[in-house]
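Look at the two complexes coming up: subunit A is in both, with subunit B in one and subunit C in the other.
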Partner chain A sequence: MLEYIIRRTFQMTIVFFLFLIFSYLLFNAIPGNAFSSLLLNPNLPPDAYQRVLEIYGLDKPLFERTQMYIVNFFKGDFGYSYKYFPKTPIELIAERLPRTLMLFSIVNIVAFYTGFFIGKVLAWRRGSKAETWITVTSVFSYTVFYPWFALMMLWVFGYKLGWLPIGKFLFPEKWYDAPFDSDVVFTSMIKFTVVVSVIQFIAYLVTRGIESLSLRRNLRFGSLLAIFIGSYFYWNNGEALIQKPYASDIAYHMILPVMVVTVVAFAGTALLTRTTMMEVLKEDYILTARAKGISQKRIRDRHAARTALLPVVTSFIFTIVTIIDGSVLTEQIFSWPGMGQLLLQSVLEEDIPVAMATFSFVGVFALIAHLLADVSYSYLDPRIRIKSQG
Partner chain B sequence: MSKDVLVVKDLNMHYETLSGDVSAVKNVSFTVKEGESFGLVGESGCGKTSVAMSLLQLQADNAKISSGSIKLDGLEMVGMSESELREVRWDGISIVFQGAMNAWNPVIKVGEQIREAIREHYPDNTKVENTEKIASLFKMVGLDSSIMDRFPHELSGGMKQRAVIALALSCDPKLVIADEPTTALDVVIQDQILKEIKKVQELLGLSLIYISHDIAVIAEMTDKMAVMYAGSIVEKGPTSEIFANPQHSYTQSLLASTPSVVGDKVKLNSLEGEPPSLINQIDGCSFAPRCPNRTTTCHPELDMELVEVGPEHFVDICSANRN
Partner chain C sequence: MDKNLNQDLQKELRREALKRNWRLFKQSKLGMIGLYIVIFFLFLALLQPFLFITGIWNKGVYDPVVGYDTIKDTLLVVECPKEYPTEKYESYTDCPAKGEVNVKKLYMAPGVEVGDMYETFIQPAPPSRTHLLGTDSLGRDIFSQIMEGSQVAFILGLLSATLGVGISTILGTIAAFFGGRIDAYLMRQSDLILMLPSLPLLFIISAFAELKVWHLAVVLGVIGGLGGSVITIKSQALQVKVKPFVDSARITGGSNMKILFSHVLPNVAPLALLFMVFSVTGAIASESVLSFLGLLNIDMSWGIMIYLSQTDGFIFSGMRYWWLILPAGLAVTFLAGGFYLVGRGLDDVFNPRLRKR
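So, the complex of A and B:
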């Protein structure tokens, strides 16, 4: 396995290298540059434009610039933003990333679980009226034109009903006298989510080996309860208590985007789960499981859904990548100042260092997601595990 | 006299299909006693698997049991609720399916799949107890206990089949059904598996229903047997008695179409024609159209009914009346 990962990492490095060159060339193919507007300013001396270009090295030939950029990139030097000069792209990304990560990790988790759950129930309840209707709805949300749908939802929930805020990720007036930056709050929200998931995961691993099913279920329920109680105390004590109103403000702003993206993203998972699971249900081992007297729920989850999971996970990991790209659209619609907006703005303003940095970030993310898909696939399917080890 | 483990009486089951009802099981009655091995033989499509599935109430969604009773240890199984059935399954009746090679879920370890069954019916067992139980089952069917931690695809067909037998025995069932357990295996392995089943059956004093289309295997494996044709039992009785003195024309044809390894070369008698479609209602003797020794004393118009012709030996009225 390790050898396989190393080999893949090597391949990925090459792909990434090519990716860098091509994106750099593409960004430079956009006519004009970030400073073209200086030419139009009559108050500036005529050589000002030339001077600026020299400072940023933009007067050099494209080939040389590409070379320099790549070399510097691997040295960890991403240059400075043209637009927000003293800031580096890394600083900009560091500010934006938690916001995007928070929003989309929640969206992904929610979308995957709802999709998978709905899919398996659909397959299990094959032929019922509910199945037909939910399937039709899923096909609708799978095929709907996303920006239109998002705007409709904004209109309904934000404007007509007025339940949820329209756009932005916080109410600025609430934050005037905030003792800290929104990033701090974001970071601690992410930390909290990660810790909770890790605890949940460990509880799952530990209880896995327990023979008695009822004890196992009770322990898992107990761990969930413990997490709830723990969270309650965490948010009502010390540092977190001060952050709480701000964190809940952000959470409030997240509801609508999470909801909308989930509605759009869950359907693919649900439909795929439904199809693969229906195939699995025809298998002989499902009949064996029934003959063994195992409960319906356990047959559904442990035998059918577990086997149907394989293609679903793979396709899901690939959609994660498109969700990151999709963040450009989502963040624009919901005025969520994250990575997607940063990418869009920097491209429009030809702020090449920032555009390149965000773009490569997305690229790295996509590559890692693909590696993850392969690795998780071989974990989920023991038949593959052997091959990739050898 | 040992007691009756399974009593099936006048069981009728049909499949509802678009082109009409397929009557796959018609007025089937038989009894399996404790420690007895019972054979069910008949050509492909005669309804053997349908009988087996009805016994476990695991028939396909379009299958309906229209009448009859299935009593396991005196407990009526027809009309049981799903949760009652769950308790009876595997603990009361376990089955080795026809396509037993595919009986294993590919992503769960073999041992875990057996453990799961035991856990369901003996929830208070400890992990160690279950592991020991599985290891002893494996030993009984001639498998190494390390197989427990293997995935199904890592086993050969024969190993999978042995493991399936271990699985079927895992909850100490009152009755085991083996539905053509050796079909997908090569002859040598087939023979080994048969011996294994026979050995285990005698060792544990199992009640066994052995289903096969091969009457030679039935001869080897069973104490009593029933011959099925087009959904009905046409002859049943002690295996030795039926082999010595087959009464029904179909049984005679089946026996005549089996080569005997020892003994002289004889011309094999193969049956002409096809079994009747089960969609159509059949009046009288269902075998009449193919019957090679029809005589004027035959009464194919009589409704099928088993009559006793010897000690515990029953045969369909049409053939019974002939002599």
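So, the complex of A and C:
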């Protein structure tokens, strides 16, 4: 196993190297460059454009630039952004990444739980009328043309009903005399969310082993209540009290994107769970469990759903990997200033250092996830064995 | 003679298998609904050239890109009051009402008085007998555009799915069958493709190459075929490779190529077909997203229809101009959903554990 991982890591390094060269050449193949717009400005002297190119080193031949970029990349120097000059790509990513992760991890967790629950029920109630209708709805939300759907939702909730804001991350008017940066507030929001979800997860793990259904349910409800009371005290004391109105502003802007993406995202999990669960229900041990006289609900939740969880979790891991890739469109529609928008903007404006940094960030993420998925497959499912090569 | 008989028998068996599969497919209700949806859109796609050739539709009026038609309408000229509510109008949104026009809007037309009848051309025109789904803001027939869009969707979806699944089936089977270095190479190659974020990559490609429908189909097919689907097909082929009939074929002296193409590949084919149907859904969605963002060099497609209705500002006008917003979006959704349902029906056929009994 260890030998396999070492070999894979070696191969991955080569792939990453090729990836860097390939994407650098790809960005340079786009006609024009980041400063082409200077040529259109009649107020600038004619040699200004040339001098800007010299400053950024864009006048050098392509081969030399590629070489320099890759050498510097492995030294840990990613250059400076062309558009936001004094900032480095790392600073930009550090600013944007939390926003995307916050939005999409909430979406993914909610979508995973609702999807898994709905899929479980769908497979269990096979052939009933409810199954057909839920399936039709989930197929609709799985295949709906996403930008169109998002715009319609924006129209309904943002414009017609006027309940929720149309796009953006915050109301700028509210933040004129704010004592701190939006990032500070956002960081404390992230900390709060992480702590809450960790507590809830621990409560779930502790209560999982409890046999009696009512006790388990009460304990879980109690932990939820404790979290509510705790968060009430947290947001009404000290530093958090000053941050509260600003944090609630950001949270208010998050409602619509979270809702829309969840509606679109839950269906994939639901349909996958349905398929795997149906396969599991054909297994012999389900028949055995039935013959033993175990209650239907227990068979569904304890025997079938547990086994059906495995492929769903693996696909969920892959969904997490594609968060940044998938966020491009969502963030564009809801004007959410996250990683996806940075990626798209840097590509469209040919801000090569930022685009390369974001591309390689996404790339490393994907590579490691593929390795982890392969290793965890063989770990979780002994039927799949990894041979020494491949 | 003997060989002929054998061939006839094989043909008969194949026909039997096809019949049985069709019977199984018919059992899944949603699969049949999906098939009907796909056939409906195929019918729409084929109907448009037929209407043009037979001359039922005049090309000058109904052409989806350069056609032009208007509907003449006579409006009553009124003057909107300065303060609301009045007897006639509740609020400022009610004036001018249907069939009326505000006199202030007509400052370009001299000599028009309040109370006159004013003749004008409406664009976008609402659905009528001549234009079943109305016209867009340039006077082009929406129904004809929907037909053109379904042609684009079919060409693109089927071409890119066939290409992609063709590539990934062959590569995935080879990777599983030979293993070793070839496998490692192919897997790292698909890693390389998976590492590139798909939408920005398509943006870059559209920046330096003018993408037409065919080009986009090839690009989507190659990216899809070299990327993640190789991994999925490989895992399926690995399960086929260890079946006893492959070993017996080798014992009887079959060459590697023979075993690969006549024993392993046919057994991977059902999954590949399934994969193809599902990837049509993805291809249609990507085309629409790219045209929606205005990055394709295509004259007309569903994505472009939504793009136009958004840039013209109709998407936030609500249901007043529903014929500009709903048909295109629903067409994309329904065709993608139709292919998805067909795929699910096929899944029931090929995967015996999903069947009811």
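The criterion applied here is as follows: the second predicted complex is superposed on the first by the 316 of 390 C-alpha atoms of A that agree within 3 Å, B and C clash if a C-alpha of one lies under 4 Å from a C-alpha of the other, contacts with A are read in each partner's own complex, and residues count from 1 in each chain.
Keep this in mind: a residue touches a chain if its C-beta (ideal position, glycine included) is under 8 Å from a C-beta of that chain, and two chains touch if they have at least 3 such contacts.
Treat the numbers as computed from the prediction; the structure is a model and nothing was measured.
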Subunit C versus subunit B, contacts on subunit A by residue: C
First, second, both or neither for A:142, with subunit B first and subunit C second: second
First (subunit B), second (subunit C), both or neither touched by A:300: neither
Contacts of A:253 with subunit B and subunit C, given as first, second, both or neither: neither
Partner chain(s) touched by A:65 [first = subunit B, second = subunit C, both, neither]: neither
Contacts of A:31 with subunit B and subunit C, given as first, second, both or neither: second
Contacts of A:99 with subunit B and subunit C, given as first, second, both or neither: neither
Touching both subunit C and subunit B, counted on subunit A across the two superposed complexes: none
Residues of subunit A touching subunit C in the complex: 11-12, 14-16, 18-19, 22-23, 26-27, 29-31, 126-127, 132, 135-136, 139-140, 142-149, 151-152, 154-155, 159-160, 275, 278-279, 282, 324-325, 328-329, 332, 343-344, 347-348, 355, 359, 362-363, 366-367, 370, 384, 387, 389-390
In the complex with subunit A, residue positions of subunit B that touch it: 56, 58, 82, 85-91, 94-95, 97, 99, 102-108, 115-117, 119-121, 123-127, 130, 151, 153-154, 167
Contact footprint of subunit A on subunit C as seen in their complex: 29-30, 175, 179-181, 183-184, 187-188, 191-192, 194-201, 203-204, 207-208, 235, 281, 285, 288-289, 292-293, 302, 306, 310, 315-316, 318, 325, 328-329, 332-333, 336-337, 340-341, 347, 351, 353-354, 356
Footprint of subunit B on subunit A - complex, ascending: 209-214, 283-285, 287-296, 302-303, 306-307, 310, 380-383, 386
